[in-house]
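Multiple structures are listed underneath, in C-alpha cells.
Below, subunit A partners subunit B and then partners subunit C, in two separate complexes.
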Partner chain A sequence: MTGAGTSTPARPGFASELGRAARAFPTLLRIGVSEVVAYRAEFVVWILTTNMPLVMLAIWHAVAADGPVGRFDQKAFTAYYLGVLAVRLLTSNWAVWQLSMEIRDGTLSAKLLRPIHPIIALCADHLSAVPMRAAVISPVVAILIWSGWDRLLRHDVVLLLVLLASLVGAWLLIFFAMVLMGSLAFFVESALGIFELWIGIHAILSGYLVPLEALPRWLRGAADVLPFRFMLGFPVETLVGLLDRHAALRALGAQWGYVALAALAALGVWRAGLRRFSAFGG
Partner chain B sequence: MTMTAGPVALVRRYAGLFRAQLAVSALTAMQYRADFVVRGLIAILWMAVTLAPILVVFGARHTVAGWTFPESLVVVGWFTLLHAVLEGAVSPSLTAVVEHVRHGTLDFVLLKPADAQFLVSTAKIEPQHVVEVGGALVIFAYAFAKLGHAPRATEVAAGLGLLALAIVILYSFWILVVSASFWVVKVDNLSYLFGSLFDAARWPITVFQGALRIVFTFVFPIALLTTYPAMALLGRLDLKTAGAALAGGLVFAAVARQIWRRALGHYTSASS
Partner chain C sequence: MPPDALIDVRDLSKSYRVHKRPPGIGAALKSVLRRRYELVKAVEGLSFQIAEGERVGFLGPNGAGKTTTLKVLAGLLHPTSGAVRVGTFVPQERDPRFLQLITLVMGQKQQLLWDLPPSDTYAMNRAIYDIPRAQADDTVRALVELLEIGDLVNKPTRQLSLGERMKCELVAALLHRPRVLFLDEPTIGLDVSMQAKMRDFIRDYNERYGAAVLLTSHYMDDVVALCPRVVVIDHGRLIYDGDLQALARRMRPDKRLTVRLSRTVERADLEKLGTVVSADAAQAVLSVPSVRLQAVVRDALAALPIVDLTIEEAPLEEVMRELFGAAAKGNGSTNGPPNGPRDDAHAHG
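Here is the complex of A and B:
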C-alpha cells in the first residue's frame, strides 16, 4: 500500500474541511495537554536545555560591571535576557522533528487516513503545550516584573497589544518554519541537517545570544530584514521597552507579512512533497 | 577466552577491534554524500556561531573578568577541539546505545565476546568533525600570534595532558547519561541537556559569579574541561591545581565505570 493519501478521491470542499477541523480542535488540544502532563519529567528536561540566556546574562553582567554597553546597563541586560528566556520558552516548538521522522519512517501514512489534515493535528499538538509552557515561565516573568518594573512597557496600551500580537505572530512564524523544514524530508535525506543550520543562524540573528543592537552594523542590517528577529527579538524588544510605538507597529506589520509568507511556503512544500510520498508503515 | 590471554594480546585484540569499528563508521558516513557535505558545512557554521558572542563581547571591552581577547580565544580553541571529540566520537556511539536499550537489541552487543562498554563506545564515529579540529588549530594559531609568543613545550605537554583528562571526564559524563537510560529508557533529551550545559564551556570560568560559578566548577566542571587546559597553555596553571584536577577526574571516571556496570546488571531486554 504505497502512498496512502496521495490520490485523494472526491476531495471535500475547503470550507467543510475547515469546519470539521474546528470541531475536532478542542479534543485534539485536550489530548495534547494530557500528553504533556503524562511526560512532565521529559518536559522539564526540555525546559532546562534552554539555559543559554542565563549564561549570556552572566557574561554581560561581568562585562557591564564597569559601566553600560551602548544603552544597556546591568539591569537592562537582566530584563532583556529574562525576556528572551520567557518568550523563547513560550513560543518554541519542535514540529520539525516530529514531521521529518513521520515522513521518513512512514508513520505519516496512517495520519493521512485520518479525517483531519495532518498539519492541523500537528498544530493542535504543539499549541496544547502552550499552557504548560506559560505555567513554567511564570516565575521568570515574576522575576522580570519585580526586577525591571520601571523599564517594562506599562503605560502604553498600544504597545501591550502589539506585544500580544507579536507573541502570536512569533509562535505561528516558528511553527510554519518548522513545517516548511520538516516537509523538506519529502525531498532530501538531511532535512534535520538543514534544521541544524537554521538553529545556528537563528541563534545569532534572532537576538537569542546577543541583543541585536550589540551586533556589528552590517550584521544588524541583515538581522533587521531577515525573518529571525520576528521569531524572538522583536517581542522581547517590545516587552522590555526598547521600541517606541512607531517602530513596534512597523515591525508588527513585517512580522505578520512573514507569517503569511511562511504559511504559503510551508503548505506549498507540503503539497508538492505529498505527491511523491511513497513510504509505508506505522 | 579473554581471561586467559596476556595483556599484550588483549591490547592487540582491542586495537584490531577499534580499527574495524572505525573503518565501518567511516564507510557509513561517506555513503550518504550529500549529508556528509551538509554536516561538514554545519560544523563550519557552528564555529562561527561559537565565535560570534565572543567577538561581540570583546568588541565592547578589552578584558572581561581578567581575560583578554586572545586569552579567551585559547579557551575557545579548547572548546572547539573538545566539541569535535564529543560530537564526532562520543555522542554518536552513546546515542546508539540508548536506541539499543529501547529496542532491546543491546542483547546482540552483550553476547559478543568483548567488553560491552568498549563495543558501544566505539560503535559510531562521525569523521566530518575533523573540520572542527582544523578550526581549533587555526584559532590557537591566531590567538598565539596576537599574544606575540608561542607556548613552551612543557606548556603544550601540560595542555595535552589536561585535554586527555577533559575527554575522560566528558566521556564519563556521557556514560552516566547512558546508564540512566537503563532505568528511565526515554533519555535522549538528557543528552540535549548535557550538550546545552557543555556550550557554556566556551567561556573562561571566571566570568561566572555566585551559584553558576559553583555549578560550573564542581557539578558540571567546565573549568576542568576548557579553562584549566587554556591556563596550562598560557603558562598560568600551577602544579597543585593540575594535580588536584587529575586526581578528581580519574576518581570520577572510575565511579562512572562502576555505575555503568551496575546499570548493565539492571538491564532487562525490552523485546526480541
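Here is the complex of A and C:
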C-alpha cells in the first residue's frame, strides 16, 4: 500500500461503474423478489388498499347512466378505471418512505459503504416488486380485456409498443420523483410532508380520480404540461384507446423528457444532500 | 505520511450544525418561526497514522468523537477541515476501489437482510463487490469455519441470537477481504465467551490478511487483547497516541498485588505493605510502587497466610479514567495539545 505521496489512479469511468452495477443487478433483483415473497401477506394486503379507482368507477358509472360524459359512457368509464387500477398497481413505488427514513435514522450509512450507487440498489429493490404486482393485477387485466376488448389500444401494434414504453417511463418517472422527494430529507425534516402534498396534487392532475378530459379546461391545460399525467393518465389513455398514434407518440416523447429531467434533478439533490449527511444513529 | 502508513489523518475537524430548542409547546411554536442552531465540534485538529497490518485501539469517553472519526474514515461524512487518506484514496469521494478496500462494522447496526438467511446477504454482497463466485465461496467457507457458524447462515436472520447475528454480520463485512477494518464496538451486547471468540477471530483475520484494524470498544478486555497501540481522544482532541502498556505504566506506575488468604488478617498488616484497594476475609488487593514490588512480595510471603499471589498492571479502565480526568482538568487536552507525531511514551493529557 502506498502513502500519501502516491497519486490515486484515475477513478473508473461511469461506463465501468454502470457495467459493474449491471452485473450485480440480476442478483439484487433475485434477492428483492425473495424479500417480497417473505413479506407476501403484508404486500398483498397493502396492494388491496388501493381501491379508490373502484370507488370512482362506481360514482362515474352512476353519473353516466343518464348519458355519456364527453367521450365517456359507462363502458368507457369501466375500462378507464380498471386501466387506472392496473397501471397504478404496476407502476407505483414508494421509495420516498424508505429513502427519507434511512436518511433520518442513519441506516443509509450501510448502503453508502457498498461499491454500488445506493440509488441503483434502491431501484433494484423496488423493481423486484413488479413481478408480484403483475401477478396481483392479472385478474384486473383479465376483466379489462373481457369488458373492453373492442377499444383496447385501438387494436394497433404501435400503440401496444407505446404502452409498454410508457409503462417503463411511468415507473421511472415515479421512481425518480420519489428519490427527489426522499432526498429532501437531507435538508428538511418534513420530506414526507412534501410527499403528502405531492400525493394530493398527483391525485387530481394524473387522472387518478377523474379522467383528465373531464377536468375544467384551465386545469386540463395545466395537467397537460405538468409531469403527473405521464405517471398514470397517459399510459391509461393509451391502453383504453383514448389516444391515436400521433398523440400517443408525442406524449411518449414528453414523458421520457420528464424522465430525464427527473433523473437529473433527483441525482443533483442526492449529491448535494450527501455532503450534508450526518449519519446520526447509523 | 510515513511510507508505510495506510491511514493518514491530518488536522481533521468535523463540526455539526444542530437544531436546539427548549422543551415545551411554546418553544416548539417559536422554533417554527425562528430556528436556533448550535455548532457542535465533534472532532478538532486530530492527526494520526496507522500502518498496514497494525491493530490500534481508538478510545475515548462517550461523545469524544470516535464514531464521527470512523465515519469520516469510512467516507460517510465529509470533514469540515483537514485531510484524510486511506491507502491512496480520499474517503469522502467514495471511489468504488476505496469501498472495496475497507469495511465498517458497527456493533449495534447490521447489514444482514432481516427476513432472509445470511447466505442471501452474502450472495448480494458477492454481486455488489463483483467477487468471482469461487473466491466468494472459498472466503465464506473459511470465515464460517473460523467463526463456527455452520448451518446458521441458512436460517433467517431474525431467528438468530445476537451473538450468532454478529458472527454472520462479520462474514458479510469481510466477504470482500478488506484490508482496512473499522470496528465500532464489535462485541457490544455479547457474552464473555462470545467476546473472546470475536477477539480471536479479529486477530486471526488481521494476521492472515495483514489487515489494518482500528477498533473502538468500551470493553477494555477487547483493547488489551487486540491492540498494542492506542489512540485516545477526548472532546474531539488527541490526548494520547502510543503504546498501551507504556500508557498504563505512565498513568498508573503502581502494580496491583492480589493475595488470596487462608485466614482473615488485620487491615493494619496490609497497610504496612502498600495501599489497600480492597480487602475481605479471603482476599486482598494492594497497590504497590513498582520499585518496591520485590521487597513487598518478600515481606508479604513472610508475614501473611498466603495461598496464592498474582501481580498485574492496574486495570485499563482505571488508567483511562485517570487519563480522561487529567484531560478534563485542563492539562492540555481541552485547550488542544499540539498534535505532533506519534509518541510512544507520551500522554498529551
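The criterion applied here is as follows: the second predicted complex is superposed on the first by the 266 of 282 C-alpha atoms of A that agree within 3 Å, B and C clash if a C-alpha of one lies under 4 Å from a C-alpha of the other, contacts with A are read in each partner's own complex, and residues count from 1 in each chain.
As a convention for this text, a contact is a pair of C-beta atoms (placed from the backbone, for glycine too) under 8 Å apart; a residue touches a chain by one contact, two chains touch by 3 or more.
Please read all numbers here as calculations on a predicted model, not as lab measurements.
A.B. asks: State whether A:Ala110 touches subunit B only (first), subunit C only (second), both chains, or neither.
C.D. replies: In the superposition, A:Ala110 touches subunit C alone.
A.B. asks: Name the contact category of A:Val157: first (subunit B only), second (subunit C only), both, or neither.
C.D. replies: Touch status of A:Val157: no partner.
A.B. asks: Is A:Glu35 contacted by the first partner subunit B, the second partner subunit C, both or neither?
C.D. replies: After superposition on chain A, A:Glu35 lies in contact with subunit C alone.
A.B. asks: Looking at the overlay, what does A:Ala15 touch: subunit B (first), subunit C (second), both, or neither?
C.D. replies: In the superposition, A:Ala15 touches no partner, neither subunit B nor subunit C.
A.B. asks: Who does A:Gly193 touch here: subunit B (first), subunit C (second), both, or neither?
C.D. replies: first
A.B. asks: Quick check for you: in the superposed arrangement, does A:Leu209 touch first (subunit B), second (subunit C), both or neither?
C.D. replies: A:Leu209: touches subunit B, not subunit C.
A.B. asks: If you stack the two complexes on chain A, which partner ends up touching A:Ala135: first (subunit B), second (subunit C), both, or neither?
C.D. replies: After superposing on A, A:Ala135 lies clear of both subunit B and subunit C.
A.B. asks: Let me test your reading of the model: by the given contact rule, A:Met52 touches which partner, first (subunit B), second (subunit C), both or neither?
C.D. replies: It touches subunit B, and subunit C stays clear.
A.B. asks: Of all the subunit A residues, which ones make contact with subunit B and with subunit C?
C.D. replies: Shared contact residues on subunit A (touching subunit B in one complex, subunit C in the other): 39.
A.B. asks: Which residues of subunit A touch subunit C once you look at their complex with the stated criterion?
C.D. replies: That would be residues 1-9, 11-12, 17, 20, 23-24, 26-28, 30-31, 34-35, 38-39, 107, 109-110, 112-116, 121, 275, 277-279, 282 of subunit A.
A.B. asks: What residues of subunit A sit close enough to touch subunit B in their complex?
C.D. replies: Checking each residue of subunit A against subunit B gives 39, 41-42, 45-46, 48-52, 54-56, 58-63, 69-70, 188-190, 193-194, 196-197, 200-201, 203-204, 209-210, 214-216.
A.B. asks: Help me check something: in the complex, which residues belonging to subunit B touch subunit A?
C.D. replies: Those residues of subunit B that touch subunit A are 32, 34-35, 38-39, 41-42, 45-46, 48-49, 52-53, 56-57, 59-61, 64-65, 184, 186, 189-190, 192-193, 195-197, 199-200, 203, 207-209, 212.
A.B. asks: If you look only at subunit C, which of its residues touch subunit A in the complex?
C.D. replies: Per the touch definition, subunit C meets subunit A at residues 1-6, 8, 16, 52, 71, 74-78, 85, 87-90, 93-97, 99-100, 102-104, 106, 109-111, 113, 115-116, 120, 123-130, 156, 179.
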